[in-house]
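After this come two complexes, each holding chain A, first together with chain B and then together with chain C.
Entry: the complex of A and B
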């Protein structure tokens, strides 16, 4: 019984970790090429979740099936990411990290409150029926939770292949490693940064959709509140390092779920953060150093 | 005195809140403007001060409805007032010191996130530890010092005078401090940490002091705020407060105390006046001649009919302020461009 409970908690930790992982990888990819922490990143989660609801529940006069709605929402948010970058960040990209970071706070305020002013603060949820838990070797899971893990693992694999096997991935890594060297080698780094913004924002939106699937209902502040958790995973893995972010996300997911099961459910975010502070005090560069 | 009329009462409110935010901004300015520390958890120090004041002055729980707090001192007013403010200052400084211990030695980005997240965690503590904070019900019987002796209007004016005096006092002390060798040391750390280290300064200790001083000022602001409103509720202490203070500092000009106060007044005046947006909109509609009455709705569309529209737009404007100031006027309205050049350079 004790063991079952332990196992079940671990599995929930992995499920939440897989949601965090998608967001953390997206954030860390954009950090890799832009070199500033994007406080507006949480809004990509929010917009992903809300667009999916609107597309699926007929706000725009169409009610797409949920998976289609999610894909459309993710692509739209990817484009939004590129637009945000071009309007707000590119014009000051030569001014160092601090102005960019402060601008990103402004952008997060603009995006979040435009949404909130438009749709109000009341909670929404995805049109998902309640599901029965199936038993897999003693672990209780719904099909949805299983689906979330699968989507996340596939996304991680796709990002791995993208980085290692495609020309775009290699250019991204080159830009991240040394932008001027990449420029000299004939890489159009501005273009690469835009493409990275698309991938990063789309990953954020996907993470938001997965979050909404698991933890409905949600409000316009959902992304901003979850940002702390995503930051924790990103920093834990060593900022700018996608594989580190995946690992960090799993640790944070486990810490949050073990903490809230065995200590107190009131401090979920605190567990994520305590782990992070503990690790940073010992290893300021995060658990995974090295190049990405 | 007759009841203050609408406009006057509005101005007194704006001025009082403006002074309180002026204090908050001065505190943040010590962190960011003078020392270059990215503190995105300022609201935690403000909240710590407010709760400290509430705890030392709240009446026993038996006299309050919905009370679940178990710690109170019930200090009598007005004599307990200075003690309460001292407690607020101390607790604000202490919390800043503790948060600083874990994070001042982290680099810029890590510090920004650590303070942001620790403030979030502190907010969770305020909501959940009802034995200390009365949870989300809040502490709603914080005494207003001197209220028993004065009429409502006279008290508003007297409290404004007190807050203004506190603001001037802190301003003078800070100006003095920043001109002293300690102030130069802070700026030295801001401009080049390695240079300060090479001169034998322990930069982590300097940062920690800066953090504690700014936190103590924010704590004082919290205490003043608690006694002004007479209630302390968790919903008042959200991350928006931190970023409003940031907006005030950036607008006024980082590393300028005049800028900090000026920016705070501008931002507070703006936020408070947005409550008139819909009134103004309706008024303009009503005075426009018949033939033109279609213009406004055509330009702006019908304003979305939900109660969060105006508050949301207020924060959209704050966001736009961040973006515009950083892009077009990094030194803010009253700042010195030479001071800003050094901010944000790392390594």
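Entry: the complex of A and C
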């Protein structure tokens, strides 16, 4: 019984960690090439979740199957990410990190209020059936929870392959390492940054969709509120380091769920930050050192 | 003194600008803050339009000596529905009052103020109503913000008749300035305990083991002790009484902890959104006990967000229609009237009957003060409230009838839609409850729980 509870809690931690990981990787990728913390990132989660709801539930006169709706929403949010970067961030990209950071807070308000003005503040949920948990070797999981883990693992794998095996990934790493040097080497860094914005925003949208699958109903503030957890994972892994972000997300997911189960359920997010502070005191560069 | 063309233009330009600005300011005071006529559609939408801190005027004349009534309620955010339900009823009765010649020839204005269901916003909203708008009475606020503003209201002797605050923190604070036309949560908590413990009142079984999951806000916590102590007094066992943080993404841990205590039924006192998550988490985890919900969740909003397999046989608490009002047809008449006035699809919304009673009591109290020849001041109105609502004088059931009786010199006793509205020494009323049960995605009546059973 004790072991079962322990395992079950660990699995819940991994499930939540999977959602955080996708978001954290997206955030850290954009930080890697832009070098500022994007507070508008949470809105990509929100837009991903809401667009999926509306594409699947018929707001635009469409009732797409949920996976198709999710893919369309992720692509649209990716484009939105590029548009946001071109309109708000590119023009001031040479002013330093602080103006960009403050601008990103403003952008997040604009995006959130636009959504609220459009769809209202009512709670929404994805049109997915409610399932009881199945027993997998003593661990209770719904098919959807299993699906979330699978999607997250596949996404991590895809990002790994992108970074290591593709020319775009190499250029992204080069731009992240030293933008001037990358430019001297003939890399169009502006184009690389735009492509990174697309991937980053799309990953945020996917994280939002996964969140919506697990934690419905949700409201337009969902992304902004969850951003704090994503930040914790990103910082824990060492900001700008995608593999660190994945690891950080799993740690945060586990800390939140173990804390909720064995200490008190009222301080879920506090556990995330307790772990973060503890680790950063010992390893300021994050749990995973190194460049990427 | 030299006086060239440039100086002249500057001077006249400045005067013109000042004049235009003064005109704008004057207009702003008159129409920017105050909208005239029926504003029920704004209120119904419950959106950001209604959330603005605006003054809604019910009289075309907008006379300067009008009597202002404040409505400090949430008009935006998660609880915007409360303001959206209450405001049209307030406007409807105010229109009736003004249609009858107002109070001593003065029209009544409704001043709405958005509390955003947040204590900070409520303090600012109520300060504005009391000190700037100089309101002579208040309809509201809700339990969520009552503690934050009750001192301001009582210290300024503002008569408050709230249709929306059941909080137990008012149990021993009312009677002089604070009155309510909604049952105290103490009574609601007892009702839940009695209905849970007794099959006669829940139509399923005598539950003996109860778990409590209570949101960590005053509006929810207010129910906790009454439910627990009443249930234990009845011989039941409370297996766990958990406080849960509102607005969390997931409640798996809390639900597991509740299930580990092995209850037969769990009384869930939380917002609709959290309740949907919690009951679904229970379903996913294979919880086989039942759920009991409070007034906040016993509505179609909760059911529309939940799956039928989760909600089937769930129990819920609601204020029951008052027998006398139902039998005489007054209740149906009111629902028809408010539906038409507000442009709603149906009139049976939460707090509408409580609001009708609150507004009639406040209106009749003002009328009584005016007819007695006293100044229509806050303290005089507060003193008149128990007078117009206490038996055994001539029973009246609406403002028009009551005002006529008062003008004819009668002492009136207002009998309302939610109950006889006889305030006790704490400004509280007793009213019956209805126990509802979910069947096939709809709330159905399981039992009627009269106040004498509590």
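FYI, the second predicted complex is superposed on the first by the 292 of 292 C-alpha atoms of A that agree within 3 Å, B and C clash if a C-alpha of one lies under 4 Å from a C-alpha of the other, contacts with A are read in each partner's own complex, and residues count from 1 in each chain.
What we mean here is this: a residue touches a chain if its C-beta (ideal position, glycine included) is under 8 Å from a C-beta of that chain, and two chains touch if they have at least 3 such contacts.
All values reported here derive from a predicted model rather than from experimental measurement.
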Superposed partners chain B and chain C on chain A - clash or fit: clash
Touched partner set for A:16, first chain B, second chain C, both or neither: second
Contacts of A:121 with chain B and chain C, given as first, second, both or neither: both
Touched partner set for A:92, first chain B, second chain C, both or neither: first
Touched partner set for A:41, first chain B, second chain C, both or neither: neither
Chain B versus chain C as contact partner of A:280, first or second or both or neither: first
First, second, both or neither for A:266, with chain B first and chain C second: both
Which of chain B and chain C A:50 touches, first, second, both or neither: neither
Partner with the higher number of touched chain A residues, chain C or chain B: B
Contacts of A:217 with chain B and chain C, given as first, second, both or neither: second
Touching partner for A:108 - first (chain B), second (chain C), both, neither: first
Overlap of the chain B and chain C footprints on chain A, listed as residue numbers: 116-117, 120-121, 225, 266-267
Chain C to chain A touching residues, read off their complex: 47-48, 76-78, 80, 216, 242-245, 247-254, 256-257, 272-273, 276-277, 280, 283-286, 305, 307, 309-310
Touching residues (chain side chain B, partner chain A) in the complex: 38, 40, 102-103, 106-110, 112-114, 116-118, 120-121, 124-125, 127-128, 239, 243, 246, 250, 304, 306-309, 312-316, 318-323, 326-327, 330, 343-346
In the complex, chain A residues that touch chain B: 36-37, 88, 91-92, 95-99, 101-103, 105-114, 116-121, 224-225, 228, 231-232, 235, 239, 264, 266-267, 269-270, 273, 276-277, 280-281, 284
Chain A - residues contacting chain C, complex: 5, 9, 12, 16, 116-117, 120-121, 123, 125, 129-133, 140, 142, 211, 214-217, 219, 225-226, 257, 260-261, 265-268
